[in-house]
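Input: structures, listed below.
Shared between the two complexes below is chain A, which has chain B as its partner in the first and chain C in the second.
And then the complex of A and B:
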């Protein structure tokens, strides 16, 4: 069987999926990035390999997420795409008539409006991370509730309390106040879910026409409390796809298949020896070439530099020509 | 020979050719600071009041840089208005005073008042006063200013060919700039010139979108009469010169068939931008539009993701309207 690998390296989680040629999900792996994307990519690939049976060949690799360039260097991706496109492709693959995608991840939240299966408009949160997964994570640990149980506790609420949703810091102090007044925990966390939804709709969804069918995906979609809050406030039904947490990776795999099939090329995947046997190290240094003093990141496999980035003038980035990079493979 | 310093920031991008020619014609040598780099940004952030916007902070850095260079004068005009019944952002009015208060050891500051809101008599008086620092010959001063204006118009004409003002100034000074490339998208790029054309402040957004295959259309490439005509359709007249230019350009581009989409680059903490960006976002009816807010951060990841997603969206939209077949799934 021929398969495509999709990789989504995010700030909080790293996801890997294997899709077959018809776009059916074969394997999915959800890992915490834990601040070390290089390790996450290695471990994720090792786990994918364990699930590979002998009759599977890898036809292509696609990468997305904020660590997409790193994944490209380590794995040799055929397609490197931003998260918006990847999420949109995955959602419209599953629901062909989808009009609105709500995606909330660890550090960012986005809204994507589609028209006839094509991205027509999108928005991402600007400078503030209130209303994203990290904020929920933090509040859950403050209330001593496992984040996995956050949603199930929230939906038990009968009378959610009103919590200010304009800013994450103010929401927290408001929440503490309500807690000290003696409101039940369920009502507080449901109130928090509703505050988050209001914040999302005011900031990210500002001025956008949200039409059904609506798909809610990203790691935060695990939270049933949020789903319920969205349904209540939007007065619409919300679809959470079965593989909501790996939709970005699914999109990357679909894009890789599209690329390989359209261009009739073979994959630039670097092979499992390259990933599993090598010792990858990243380091950074301040380039003293000009007064910009860019912080340049270097990635090495054993003693061999693989890639540089972070320099404005691209002096380092282009210092390794493609010839040299190919030789290592 | 007397040495006059002109800081490489703010209205440098519009009027440097004028003043350089003016001072040169009167026999003075003109010194400028280098293009914005990190040392300049750091110095500016340290010196400036924290409520100002990034371009003003950077300007402080340029002044600080120039102070080290043995100057007879430093040219920091007090910009109030450059055309009848319109004004420049009020922060500019206070710039010479703010700089005198915060940067010790300044060479004598030339802070002539440029206020054309009601009459040009005052400016004429100031220009003669300014010229007398170098010569007593009134005719020479008049000719120097005339020559300056000619060079200014020449540079504006260069910008009309698709160069940014920063590139136009370099071409004017004799360094040729290559802006040809393979472009398949036409993108309108709007923003205050002193943030958009400063490669450091705007994180080189102009060349980033060019590298993504977009031909860049700037307010300077649009017909001035159509800009004014479109800006006049707003119920209340926009009395900021640059703001009105942006609104007019956006509405003009909105009607042009050859433009695929528009991006507005706003500065965090810019008063006029907070209104102008909003007005444009509401008035644009036919084209995809994206607002990007920039500040002191150096992380380019967020910017690149948004630009890539925007270009992807434009291409996929076009592909779908051309063959009317969904390009994926």
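And then the complex of A and C:
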């Protein structure tokens, strides 16, 4: 069987999927990045490899997420795409008529508006990370609730309390206040969910026409409390796809398939020996070439430098290969 | 007297030529580096917009190099810029620097006043020499701009983007160093030639209109080099503001070359009928103009908290809906992480590209007699 690997290296989680040629999900792996994307890529790939049976060949690799360039260097991706395109592709693959995608991840939240299956408009959070996975994680641990149970606890609420959604810090102090007043935890966390939805709609979704069908994906879609809050406030039904947490990786895999099939090329995947046997080290140094003093990041496999990035003049980025390559850092 | 001035894009090249023509010793501002940013941010009010912070960094660096006179532009109207020079002078004096500051006020269409201000700057220079200096500086400015436009055009098309940037940078250096008309003309000609010889790719080309606040548009350090970044993604950028146009429209009353300023203002109606300060009205008008000329998308940029651009942004949604042209707004402040900025730009370009592909497919189907 021929498969495509999709990799989504995010701030909080790193996801890996294998899709077959018809776009069916074969394997998915969801890992915590834990601030070490290099390890996450290695471990993720090792786990993917364990699930590979002998008759599977890797036809292509796609990477996305904030660590997409790193994934490209380590794996040899055929396609390196931003998260917005990847999420849109994955959602419209599953729901061909989707018009609105709500995607909330570890640090980013996005809204994507589609028209006839292609992205027509999008927005990302700019100033406030309230409502993203990291904030929910933090609040759950403060209330001593496992993040997995956050949603199920929230939907038990009968009377959500009102919490300010303008800003994460205000939301937190409001929550503490309501807690000290003696409100039940369920009502507080459901109130938080509603506040975060209002925050999302005001900050990210402002000025956008949210039309059905709506798809809610990203790690935070696991939170049934938020789904319920979205349904209540938008007065619409919300679809959460089965593989909501790895949709970015699915999108990357689909894009890799498109790329390979359209261009009739073979994959630039570097092979499992390259990833599993090598010792990857990242280091940074200050380039003293001009007063800019750019912080240049270097990635080495054993003693061999693989990539540089971070310099404004591209002196380092282009030092390894003469052909023009796009690096987005 | 050692004179200095703030940096804005490539304007330091003609300004240097002008001041040297006035027989002044010039300490040109250094390229805006991380250090410039750090100094500026440290000594500016936190809520001030990015251009003021960069100016401050420029001034501190050149004053430390021995400059004793600052040349700065003034202004009026709702934009905070009009007050920059005053604030900057006060902060620098508080920091203990000894210097004079000359503030050139925009006379808006009274050329003679500006001329007088420039003449007063020069020491012991004749009227003839002043005219000569202005003319040469204007010539340099035009050449620099021709080069900028060429890069915007060519970067989207060439296969080797690094080579194009290198040729361009070398060309700018040569123009900066050129001391007479012939040298400038030669530098321009040879750079343009080299740029034209670079081989092209055959991918989809996108035309992007760049609108917004003047400093952010002109200074790559204030916009994270958005023009080149888009060019590297095969986007041909046309700006709503070029320095020569601005000087022609705002300082010379549109007398020196053909101006489309009135057309842009007319385009802004009925979306924004009033001058809201800065380039708010122009941003809206230019977006309409770009849409009418079938551009693929418009990006609006400005410094964070820029009031005129915020006003324009609130209107752009409607323009975007009615003309069906995608618009994206980005505000810049001092970020170290550029990932978020480039992710958005890449996603925007991807979106436009997929729209074009869909459109072409549709056209192809029509021609082929399919639905």
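The working rule: the second predicted complex is superposed on the first by the 321 of 329 C-alpha atoms of A that agree within 3 Å, B and C clash if a C-alpha of one lies under 4 Å from a C-alpha of the other, contacts with A are read in each partner's own complex, and residues count from 1 in each chain.
Keep this in mind: a residue touches a chain if its C-beta (ideal position, glycine included) is under 8 Å from a C-beta of that chain, and two chains touch if they have at least 3 such contacts.
Worth saying up front: this structure is predicted, and the values here are computed from it rather than measured.
S.K.: Following superposition onto chain A, is the placement of chain B relative to chain C best described as a clash or a fit?
M.R.: clash
S.K.: Regarding the shared-chain residue A:254, is it in contact with chain B (first), chain C (second), both, or neither?
M.R.: Only chain B is touched by A:254; chain C is not.
S.K.: First (chain B), second (chain C), both or neither: which does A:96 touch?
M.R.: In the superposition, A:96 contacts chain B only.
S.K.: Check whether A:28 is in contact with chain B, with chain C, with both or with neither, and answer first, second, both or neither.
M.R.: neither
S.K.: Can A:227 be said to touch chain B (first), chain C (second), both, or neither?
M.R.: neither
S.K.: One more residue to check, A:119. First (chain B), second (chain C), both or neither?
M.R.: Both chain B and chain C are touched by A:119.
S.K.: Of the two partner chains, chain B (first) and chain C (second), which one does A:318 touch, if any: first, second, both, or neither?
M.R.: So A:318 only meets chain C here.
S.K.: For A:293, using the defined touch cut-off, is the partner it touches chain B, chain C, both, or neither? Pick first, second, both or neither.
M.R.: both
S.K.: Please identify the positions on chain A that touch both chain B and chain C, taking each partner from its own complex.
M.R.: Residues 66, 81-85, 116, 118-122, 124, 126, 207, 290-294, 312, which sit in both footprints.
S.K.: State the interface residues of chain C toward chain A in the complex, per the touch definition above.
M.R.: On the chain C side, the touching residues are 30-31, 33-36, 159-163, 165, 225, 232-233, 317, 326, 331, 338-340, 342-344, 346-348, 350-351, 354-355, 358.
S.K.: What residues on chain B touch chain A, complex-wise?
M.R.: Checking each residue of chain B against chain A gives 34, 37-40, 200, 204, 268, 281-282, 288, 293, 295, 301-302, 304-306, 308-309, 312-313, 316-317, 320, 326-329.
S.K.: Under the stated contact criterion, what part of chain A meets chain B in this complex?
M.R.: Where chain A meets chain B, its residues are 66, 81-85, 89, 92-93, 96, 116-122, 124, 126-127, 207, 254-255, 258, 290-294, 312.
S.K.: For chain A, which residues are in contact with chain C within the complex?
M.R.: Counting only chain A, the residues touching chain C are 66, 81-85, 116, 118-122, 124, 126, 207, 290-294, 312, 314, 318, 323-324, 326, 328-329.
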